[in-house]
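Chain naming follows the written order as A, B, C and D, and within any one chain the residues start at number 1.
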């Protein structure tokens, strides 16, 4: 293996009552890699992300990030270590302006603002902060809308904003939960081009339904089904795996065309 | 650059507020205006946790009362220096906020409202009965401030000027606070706290900080009212009086600093002048609250800004 | 026409979620609604069935204007909505779940149970278990069976196969096939295999609108073509 | 000792009767209904108003007082609370508080602010282990057990109970079956309010009746609901008696601190087991 493992799980499980959403998942990803996770709805992909990012504690198993055990760490701690995510349903602050959303993401790990006095009493719209956000605004194509309320944005624009916020947090590993869901063809290509440009800079894990769009981007593909990872490997190989085809397309009569 | 525009505008705001309160002084007498000012400070402190952080408390009188009693006790037992006594009030309130904050700030909604109310009830009991040998129980206690150098704090005009100055400081401080990243964070805690944590913020700490600041300012209002009245009674910590500050906050428009001031003035105007004409004061308050909740949620400030589009226009009257 | 929706608009605050949607469902028809997440499908179904405040536009059911009527009245009129996420009452037993559905129609409990058993015979094994212990597939089948109690004329079903394993999807598929023709159904579905095998017609939903309607079976069975709308 | 125990059980019984209504409505609507305290007060005053007309007979007066809660609570549910569903929970809290303020003021208007004492309607004593206990208190304890059992049967055995249990979990899904959930919730609200009035009636011979009596009781019953666990009827039952005992034992040592101690217990419970509502 060329580079070191940055994020890994061992025997990670989560049950809700009788229902086991994630079962004994061993997963690992190396620095700089980009990986995809696919699987039918309800396979436990989002729950897996929620466990990784500390939305709730796992029932069993452990999570290591950059060599240290983060299984019991609070979500905000994980973010500060560089484990950042987006949400399946876009989650941005609708009551704030677009700019303020970005300001909030730009500030926490920027050495200029970590001083409490600056965080609490310095203006949120100082030039230093604004210049930090400016690049993100342009990248997300939202420079015209910086003073708009976020609730007025379209779904696709909110998705761009969410990704821009995630990037401002200086992630080492970025977890994208169905970043293309609910977007129009036009918006999908925007998001894909951003994701493509990120492959060089950081480690990516992407949950996605649109498998065809993922193939070109990820180097490795894992398939989840009923809480477990049932196949893993190069995208083309995984998609031709008979078990995967059966699970994913129900009855599997189509031959693999690759 | 828009940011420069707003800062210059905000600098004028302090001047506007000062002028408004001086005019108010001529209108309703300066002694009354001192009352108004102190209440406005209290509303500002309340609005920080209700309007900004989105937590409705029914127990904020506890901190006003703690500040008031601490100031009075300090004045009687330690030093009659008014500045030190008020400082003691602020510190005691903020300390109490720091002790109770970790318990209350992890609840929301109805629980937050009622746990605060329960603590307020405990405080009321302690003042009224528990520590009545110190606090004078139902009769309350007096505090006599000494002079501060040449300044005589028994002069009502001096108290007025002093309170106005303090209020301008508070407004300046809270405005810095609410227009900082911290202020934005408070708004996000109101909207979706768990999402803020995924931006790397330890919201537990920041909620606590906001709570402590708010309780400290409430204590300041308590201390200033001792300066104004020179006595304190259990009504300063009576939990049933919380409705006043909730009312003021709503009528001004929750979640806006200027709204809090407008609400404070409006409430004081109503409560100072209407009881002469309205016998059933509680009923009136209740009906007004219902009207606010059903039809007038944006409050005075919300409507002013909607129609004028200019923040910082004439306050009150 | 059993159900006819004309120029329906629905807003969330200032955001328009459904715009100028028109659709029709005739007696006994099985219609599918296909579109990507966030296209407004669930909102549309919930508005029709009275779970969201009425939008502007016309909704006619069985000749009567039902726009703005509360959901429970519509259910009594014969229009039933089956939620996504398989929402059974987990605190009640399966039997109680069924009885609850029989209650508003003043139907005999035993008749109601028979109705559910009719489409899902295995359910007799869990009758007295808490519904919370059922798996997703079992819940979905219970819900479908329960929706038939009181002989509705129209079912609005939201993502019946979502999150189910392949084997169970087959089972749900069989039940839907069995129900086909007996009553009208308007189904939101992302599983295109199910859509193409069952649909009489398909409405495509995109960004709150229905720009296309697929009528010919040739179009409906072209899964690759359909996939483009997901 | 036995006296303290009996006192604790009496307070516990009354607390249960009052707070179970709050627990029901809190469970159904997630709204802390401040007007609950008003209905409690109204119950007590209705008793006082009814007694002279009924020749001083306590039982028929009680029935009248409890019935008086029906129209009042219906109006509150229908025109205040139901209109605020979906809006921020704060508004419902403020609105019901406003109703409490208005109601208390009207009570003051009609009956004045002076406390009205009531005599023990049974006025007999029972000798247990050499301690004479008022029969009235024993009746209260028995009544609270009766209310508990009746509610258990009502919620678990009847169709209405099942609708409410299902509605607590998922209002929309109940509605999709053709059931008018609001009607049943309104019924529950009225039942809970009647219990509050009943509690007010039962408590008034032990304390005095005054317009502000609802405020303290509201806080106490809220503590009961919180300590018992939200939406748990059995938890409410147990915690009512536990807190009743807390009050009785504290009261033995230092009367005025009894209520305060309840809030201290509540704070401790909250520290150990935080509640997210």
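The criterion applied here is as follows: a contact is a pair of C-beta atoms (placed from the backbone, for glycine too) under 8 Å apart; a residue touches a chain by one contact, two chains touch by 3 or more.
It should be emphasised that the depicted structure is a prediction, and the values quoted were computed from it without experimental measurement.
**Q** What's the fewest number of moves from chain B to chain C, given that each move must go to a chain touching the current one?
**A** The least step count works out to 2.
**Q** Can you identify which chains form the pair with the largest number of contacting C-beta pairs?
**A** Maximum number of inter-chain contact pairs occurs for B-D.
**Q** Between chain A and chain B, what is the gap in Å from one C-alpha centre to the other?
**A** Chain centres of chain A and chain B, defined by C-alpha means, are spaced 43 Å apart.
**Q** For chain B and chain D, what's the span in angstrom between their mean Cα positions?
**A** 33
**Q** Where the centres are mean C-alpha positions, what is the separation of chain A from chain D, in Å?
**A** 49
**Q** Among the residues of chain B, which ones contact at least 2 other chains?
**A** Within chain B, no residue touches at least two other chains.
**Q** Check the chains against each other and report every pair that touches.
**A** Listed by label, chains in contact pair as A-B, A-C, B-D, C-D.
**Q** Can you list the residues on chain A that touch chain B in the complex?
**A** On the chain A side, the touching residues are 53, 55, 74-77, 79-80, 84-85, 91, 93-96, 100, 103-105, 107-109, 113, 119-127, 129-130, 147, 165, 169.
**Q** Could you pull out which chain A residues touch chain C in their complex?
**A** These residues of chain A touch chain C: 17-19, 40-43, 151-152, 155, 178, 181-184, 209-210, 225-226, 246-247, 249-251.
**Q** Of all residues in chain B, which touch chain D in the complex?
**A** Where chain B meets chain D, its residues are 50, 56, 58, 103, 106-111, 113-115, 117-119, 121-122, 125-126, 129-130, 240, 243, 246, 250, 280-283, 285-287, 289-290, 292-294, 297.
**Q** Considering only the defined contacts, which chain D positions touch chain B in the complex?
**A** Against chain B, the touching part of chain D is residues 26, 30-32, 80, 83-84, 89-91, 93-95, 97-102, 104-106, 108-109, 212, 215-216, 219, 222-223, 226, 256-257, 259-260, 263-264, 266-267, 270-271, 274-277.
**Q** Quick check: in the complex, which residue numbers of chain C touch chain A?
**A** 13-15, 36-39, 132-133, 135-136, 162-166, 169-170, 190-191, 193, 206-207, 230
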